[in-house]
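In what comes next, chain A is part of two complexes: it sits with chain B in the first one and with chain C in the second one.
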Partner chain A sequence: MQWDYFLNQVISHRDALLQGTAITIGVSLSAIVAGTLLGIAIGVAVTYGIKPLRWPARVYIDIIRGTPVLVLVLATFYISSAVGLDLGAFQAGVLALTLFCASHVGEILRGALQALPRGQIEAGRAIGLTFAGIFRHILFPQALRYALPTWITAAVEMVKASTLLSVIGVAELLLTTQQIISNNFLNMQFYLLAGLIYFLIDFAIEQVGRYVGRRLDRPARRTT
Partner chain B sequence: MTTIHKMLGAISVFALSSMSVADVHADTLQDVLARGELIVGTGSANPPWHFTQNGQTVGFDADIGHILAQGLFNDPSKVRFVNQSSDARIPNLLTNKVDISCQAMTVTAARAQQVAFTVPYYREGVGLLMLDGGDYADFAALKAAGSDITVAVLQNVYAEQMVHQALPEAKVDQYESQNLIYQALNSHRADAVATDLSTLKWYMKNNSGRYTDAGYAWNPQSYACAVSPDDARWLQFVNTTLEQAMNGVEFERYAAAFEQWFGERPPAPETGFPSEMR
Partner chain C sequence: MSYHFNFAPILAQWPLLLSGIGLGLLLALVSIAIGSLLGLVVAFATRAPSRWLASLAFAWISVLRNLPILVIVLFLFFGMPQLGLSLDKISSFIVALSLYTSAYMAEVFRAGLLSVPPGLIEAGQAIGLTRSRIQRDIVLPIMFRNALPAFGNNFVSLFKDTSLAATIAVPELTYYARKINSETFRVIEVWLVASLLYIVCCYAITLILRALEKRLVLEAN
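== the complex of A and B ==
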């Protein structure tokens, strides 16, 4: 193993590696945040929505969850152009991952909300809360505890799925790694380095998730 | 890979059918001149054709883009390279994401039904790269081994058929990117790599003493750029520019690029009878 040469190559390509890592994090975070917000709306619609909302939300979840991410990425990139919506590769990639993330978050939230006793909604109404108030103060905080572990898994999946954006030319970490390898031919070493960086990103997401989970499990502070 | 090809094929058909209705107007030459820069679709990890150095796209395909920009704007730098996978060469053209694809693209009749090829700018062949000091000494040894050997090759519709032209019984493993076929060889998953002769020479030059050429070349093929179909004026312009680069006033620019990436100088055009007519 040419370690000295490898380290020199890492140093000389550090800007490209940092940029690739930043794009991977940027794509993943954008998709996770936007997908989570959209997924919450879809999850609520599919659980409590009236029929004209519930059925489209259900169809959305079933179709998008059942579609391979690669197909979503290619379809978003090319079909958007064909219909006159000129999205760049980065934008199309974020949109595809957002749609995919939202379908998962919607289903995760539906499961969590349906696990809550129905009586809690009635109790909320009894004390004069609107549905928005019931959702915000009663249902969502509890559902969050149920949903958090699977949400973390979905978030980690988004990071992994971001590697598929290389097929439409987004120079995320994997494609950047391949570009570097094409200069120095250190295949194994740079793939291992990329694997380590992906692990660190996913590990960080898991740690944040665990921290949030611990905060949620803490008993509420008494105010009396 | 077959799945990706099928998906991209379906997308190409969809894009083509959409554009035949929506994009009747096609004057890429005028669009490019008005924009002030040429958008070239190419790859980023396949030296010496197209790869990234110091954040810039370089290689022979990139230099073809610079030659076209010189012809368009009298400024070779007025070109923007769009990074695309090899599967995206045709879909990106059909959806107008690029003005032209120059990406080590083999001219085939099947592809010519979807895109318009320019005149060829390189004549490629396929060779076999092996580990120096490996189990097989040369092409004869590989052939004698029959089905005991595995050949790694870049994913391609014709990849398996192409390998079997030289080694009819060999097992063929297809990989998504160029570096993965070399990784297969390095990790002894493959006994040989079937790759373009130009790439083979480049790889051996940059990895002195580690590899050997099996000593057999086959499957000659032409590399050309591709443009969207039904845009005759744009195709005519590109063809004229490329022909003049290979045979006329821009020869020095083409020859310098050729020499830089392939290590040899192309034959100079002669005066008198026009070489294009031979």
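== the complex of A and C ==
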């Protein structure tokens, strides 16, 4: 095996690899942030919304979660250009991942909110809070604690799903890797390297999630 | 905007779409079978007395769960021939999917094992059952029943993951959708139909598994 050659190739392509990694992180981060915001709205609508809000949110979650992410990515990319929405591959990809992330966050939040005792809403009402107040001060902080582990899993899924953007030509880490391979044919070594970088990113997210989870758990243990 | 929907060119290709779904289901079934067996071994290995073996099992789970499946697919299909291991694209994809899902199934079985009440094992010991009979008659049945719902979820995700086979030109549904997309230019229609087919299949799988789950739990009680 040509490991010397491989190391040389890594060094000479380091800028491309770094840029690809940066785009992977950028794509994932944008999709996680936008998808989480949209997902919170959907999760609240599906749990507490009036019927005309609840049903569309439910249908949204079921449709997006029933479709493979690759199909979502391809559909968003091709359909957006077919209807004259001039999104580039990057924007279309981020949009697809955002829609995907929102459906997961919506479902995660619904699960967490439904696990909370109903009496807490009534208690909030009894002390004169509006629904917004009840949600912000009572429901959301508790739901956050329940939902954090699954949300972290969803964030890791987003980084993994960002590889699918290579199919529509976004030069994230995987496509960059493929471009490098087409020059030097070091398939195994460069896919291993890409795998290692993805693993490190995802592992880091998991560790941060665990740390935050422990921090969130602490006051709860103290009071009980 | 006025867009004239025309589904006829897509629906005319129904034999292709159908065979695509069939292959996807087949890939998912074979991979979940291999992945579950492998996952079961890994789950038991996490509880092995040997620390070395247990850490290896945990590393297996952690590494495979944190790798994008597409990277695993491409590594196996394009990378392994460099080590002299060439598989055809379908076998290569099945290996990738089985390895990937073995990590998730290991987690499912591990959680199932942890949920077996220790009192039941002690009860088995008290009436003089051997270790292997305790495993076979007490631990495994309870573990499988507890693992059923998560198993179903994994199978549905696995079926959706078969769409990735399109990237190495395995002719499943997404592959045909892309092909019809570029041949007919009925872009919106083809992706609507493909999504709908996936959603219907996932829903049908969920319903079947739920019915199966109910029957198994009823029988067990």
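As a convention for this text, the second predicted complex is superposed on the first by the 219 of 224 C-alpha atoms of A that agree within 3 Å, B and C clash if a C-alpha of one lies under 4 Å from a C-alpha of the other, contacts with A are read in each partner's own complex, and residues count from 1 in each chain.
Note that a contact is a pair of C-beta atoms (placed from the backbone, for glycine too) under 8 Å apart; a residue touches a chain by one contact, two chains touch by 3 or more.
Just so it is clear, the structure is predicted and the values come from calculations on it, not from any experiment.
Look at A:Val10: by the touch rule set out above, it reaches neither chain B nor chain C. Of the two partners chain B and chain C, more residues of chain A are touched by C. Of the two partner chains placed around the shared chain by superposition, chain B and chain C are both touched by A:Gly84. In the superposition on chain A, A:Ala194 makes contact with chain C only, not with chain B. In the superposition on chain A, A:Asn183 contacts chain B only, with no contact to chain C. In the superposition on chain A, contact is made by A:Ile168 with chain B only, not with chain C.
Of the two partner chains, chain C is the only one that A:Phe203 touches; chain B does not reach it.
By the touch criterion defined above, A:Ile25 lies against neither chain B nor chain C after alignment on the C-alpha atoms of chain A.
In the superposition on chain A, A:Val212 makes contact with neither chain B nor chain C. Chain A residues in contact with chain B (one complex) as well as with chain C (other complex) are 70-71, 74-75, 78-79, 81-84, 166-167, 178, 181, 187-188, 191. Across the interface of their complex, chain B is touched by residues 15-16, 70-71, 74-75, 78-79, 81-84, 89, 166-169, 171, 175, 178-183, 185, 187-188, 191 of chain A. The touching residues of chain B, counted against chain A in their complex, run 4, 7-8, 11, 14-15, 18-19, 22, 44-47, 51-53, 55, 82-85, 87-88, 91, 95-97, 177-180, 182-183, 186-187, 203, 206-207.
Those residues of chain C whose C-beta lies close enough to touch chain A in the complex are 1, 3, 62-63, 65-72, 74-75, 78-83, 160-164, 166-167, 174, 177-178, 181, 187-188, 191-192, 194-195, 198-199, 202-203. By the touch criterion stated above, chain A contacts chain C in their complex at residues 1, 62-63, 66-72, 74-75, 78-79, 81-84, 156, 159-164, 166-167, 174, 178, 181, 187-189, 191-192, 194-195, 198-199, 202-203, 206.
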